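As written, the chain order gives the labels A, B, C and D, with residue 1 at the start of each chain.
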Amino acid sequence: MPSVRVTLWNEYVHERTNPDVARIYPEGIHSALKEALLRHGNVEVRTATLAEPEHGLTEEVLRQTDVLTWWGHAAHDDVRDDIIARVHARVLEGMGLIVLHSGHWSKLFKRVMGTSCALCWREAGERERVWVVDPGHPIANGVDHCIELEQSEMYGEPFGIPTPDDIVFISWFQGGEVFRGGCTWRRGSGRVFYFSPGHESYPIYHNPQIQRVIANAVQWAAPQGRAANTPRNTPVESALEPIIARGPSVHDAHGTLTR
Amino acid sequence: MPSVRVTLWNEYVHERTNPDVARIYPEGIHSALKEALLRHGNVEVRTATLAEPEHGLTEEVLRQTDVLTWWGHAAHDDVRDDIIARVHARVLEGMGLIVLHSGHWSKLFKRVMGTSCALCWREAGERERVWVVDPGHPIANGVDHCIELEQSEMYGEPFGIPTPDDIVFISWFQGGEVFRGGCTWRRGSGRVFYFSPGHESYPIYHNPQIQRVIANAVQWAAPQGRAANTPRNTPVESALEPIIARGPSVHDAHGTLTR
Amino acid sequence: MPSVRVTLWNEYVHERTNPDVARIYPEGIHSALKEALLRHGNVEVRTATLAEPEHGLTEEVLRQTDVLTWWGHAAHDDVRDDIIARVHARVLEGMGLIVLHSGHWSKLFKRVMGTSCALCWREAGERERVWVVDPGHPIANGVDHCIELEQSEMYGEPFGIPTPDDIVFISWFQGGEVFRGGCTWRRGSGRVFYFSPGHESYPIYHNPQIQRVIANAVQWAAPQGRAANTPRNTPVESALEPIIARGPSVHDAHGTLTR
Amino acid sequence: MPSVRVTLWNEYVHERTNPDVARIYPEGIHSALKEALLRHGNVEVRTATLAEPEHGLTEEVLRQTDVLTWWGHAAHDDVRDDIIARVHARVLEGMGLIVLHSGHWSKLFKRVMGTSCALCWREAGERERVWVVDPGHPIANGVDHCIELEQSEMYGEPFGIPTPDDIVFISWFQGGEVFRGGCTWRRGSGRVFYFSPGHESYPIYHNPQIQRVIANAVQWAAPQGRAANTPRNTPVESALEPIIARGPSVHDAHGTLTR
């Protein structure tokens, strides 16, 4: 089984501007995730950040990426639209995408979902329990009945997402809310996983169970089949059953739409 | 039961430029659909076309629209991005959306789906059978086992859509293909239905069974609940369970993200 | 819009054997639900209980039932298998089914789901909040962001159900659990809704918001299309496209399987 | 990656009673499938048939089975109910299940689906094309756009199944029908795949593309996580958040339901 080529994308702003965050992730959230993934194995990991040319997401990098993870919060609007379009296209071709925490509000996630991706929130350092509701799912493999996070940001319903294909985790919050915090979708040939824990004020990505979920998700999201997103004209003479064209047309002899 | 306020949007290009199409729909596809919907009842119908100011889709019009239908083919790129964003936002709020035939390739449908919406196609006037695969679905109410269309454009798989919530119709084509031609999704509080028959070279929207499907879909797509897409901060002091804020923060005292 | 013919089925055991339950529902849970549904209107309601001949669910009664609700707890095993098969068949034909609270463990629900329907539970009179996660869903119509139940039985994940078509409600419990307590499925032409609140030790079915949900669900579950569950042989001579039979066969000339 | 332990279950009737079938599968369908799976690798294969004690599906065999395939046609009623219950329980625990062709009408499949599993059919040796509608799905890996079967039994819609999680294949038939012939579901922790091609009158299981699909499905259906189907009482004193029991009860001090 070949190792999965992962690119960890991080906005990398709060780790450099907010001393509390810097203390938890001195080298950035991406570096903490990189270490964690390498420990779980069967991956090759590179990182990319907002400040790099093309945000570190060149055509070349994306072509060599099986699974992309996305963390952003303070600078969603600074991400270039053309790079988003490029990443989106690669997802449809089959690249896996794992969107983390405040990445729910990124241009990329909204575009891939086609919905608001809005939610309720409260930053109070309250207790969260991430419950496994689908124990047979590979992303929940090796995870306890629930992951307890002593301090977390509350994300609450209603969450403006399309019906997920699978809901793997649902979170409980001390202040009284619930949240569908671990969901999957298919987009084109690409697999998408959203995972809500990971507020930068708390050391959530140092939690071994959280790391395990992300490592599982990386394996799950790796491409499985082939891409199929090109519109194709199938000429009459190559129809599988013999047919004869009849009736009027809005296309010319070359199949081009006339106007 | 109040009547459903429908706006029929039509690009209205080929009916004015292609004599074959003009013969079938002398006053435009929208006019044919309007007559059909009025015959089925429980609707108020208005129409809107590309050439009108704001494509006929002002804030005012959309506010008074329960269900919007969308037909376009030759001029997808001429639709203004800001109008698309406006329509998209109304769908998330709860407005129903029915996308017809070549509307699969519209900016609007691609944006709402988040996928390529690509497909295979062939314009040969071949036979199509639209099979009901979900006879208990309200959109299939009163429709025979299959709708036979003597001449149709072939649309074939793979169709670049997300997993539908419901597949109501699957089409068979004489040339050997199949197509998921009648599918539903939820987007925010809005219901979306895509229905593939309706090529402008053939009199498909004059078929009573096709009209019945669209009339059913209009009733099905009418708003059912409330919109819920505004991100909301839930302050600590109004948490449902009493909690006390603790730990560091990336927000200031007013809940605004610092950077 | 014709009124929906509802049959409220109740085991009706604990209301007669447990004084605490009798105090809350002196005439049975079914009577409390009947009053509530009649108040919301557009229904004809009858009731049926375990002790009646054929549990009150004769062929005749079921034929005249659009939506059946099911409450049971202490006597699941006393329900006759042939009656379960009869109810199941009617669901596939299009009758709506609303399974309430401990009905999750009934023969009927397990049979309709095809899964264990198991869950975690605790009877401690703790606080429950039933969150609306799908505000645009007709079953959530008129319901607040969440329904607060001061005393409830905890039902927790993992809940042994198939992937729901829609999740309308997710519950939060004071003791730390979450639960997918309001889910829908399609089975044949029938619509199924499971709603978890309703423990008999607490006056939950007297809560107006809970009543509203059940009244909404009754309207939502009413039959929408036609039944389609009979296996049918389509003889060669009546194929839609002309074909000629060729090759060997395991059926005789009358289409009967040989052995 | 450990090899997947597969048990191929076959009714094994028509291969011994019908000379046409015997010519195609002289040692039974199970033997043909066994050879094919071994060629694709990463499996250990055993077979089991109706005539064996306990139909070859002892507790021991099932415990050592990761994925079970099921083929039956002439003798569905001869399968013992207790064996079906045993197999069903193993699926919920996580064993994969692949139901082939006429197995759609088996006790097992109906029980696992909770629906009629009925369909339309015609045995005329007509042409079938099995279209890939989900090219990114692992079960479609390495399969062409469509698999052409020169002779096949027609299976047509409506097919009495619950909404599939994924539809991987849809079939086209020469006589004019379509069929959702390759579908997946989750049941408990088990993955289920139904694949319609495989009528015993034609050499369909000798087709390399059909073999490829079944080999892919075996890998896809292998258990991925843990089983979770035991109802569990969570006593008050071990609640994750400290709570105090209050209010009346229908359980005694040991958590047993009173009546």
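The rule is short, and it goes like this: a residue touches a chain if its C-beta (ideal position, glycine included) is under 8 Å from a C-beta of that chain, and two chains touch if they have at least 3 such contacts.
Values in this document were obtained by computation on a predicted structure and should not be read as measured data.
Ranking B-C and A-B by contacting C-beta pairs places A-B first.
With respect to subunit D, maximal separation of chain centres occurs for B (centres as means of Cα atoms).
Computed centre separation for the pair subunit A/subunit C is 36 angstrom, with centres defined by C-alpha atoms. If each chain is reduced to the centroid of its CA atoms, subunit B and subunit C end up 31 Å from each other. Inter-chain spacing, taken between the CA centroids of subunit A and subunit B, is 27 Å.
For subunit B, the set of residues touching two or more other chains reads 129, 134-135, 156, 158, 163, 165-166, 174, 176-177, 186, 188, 228, 240-241. Residues of subunit D touching subunit B in their complex: 129, 131-135, 146, 156-159, 163, 165-167, 170-173, 176-178, 180. Those residues of subunit D whose C-beta lies close enough to touch subunit C in the complex are 13-14, 17-18, 20-21, 73-75, 88, 92, 105, 111-116, 118-126, 151, 154, 156, 158, 160, 162-163, 165, 174-177, 185-188, 200-202, 228-236, 239-241, 243-251, 255, 257-259. Residue ranges of subunit D in contact with subunit A, taken from their complex: 1, 94, 129, 134-138, 140-141, 146, 148, 165-166, 174, 186, 188-191, 223-228, 240-241.
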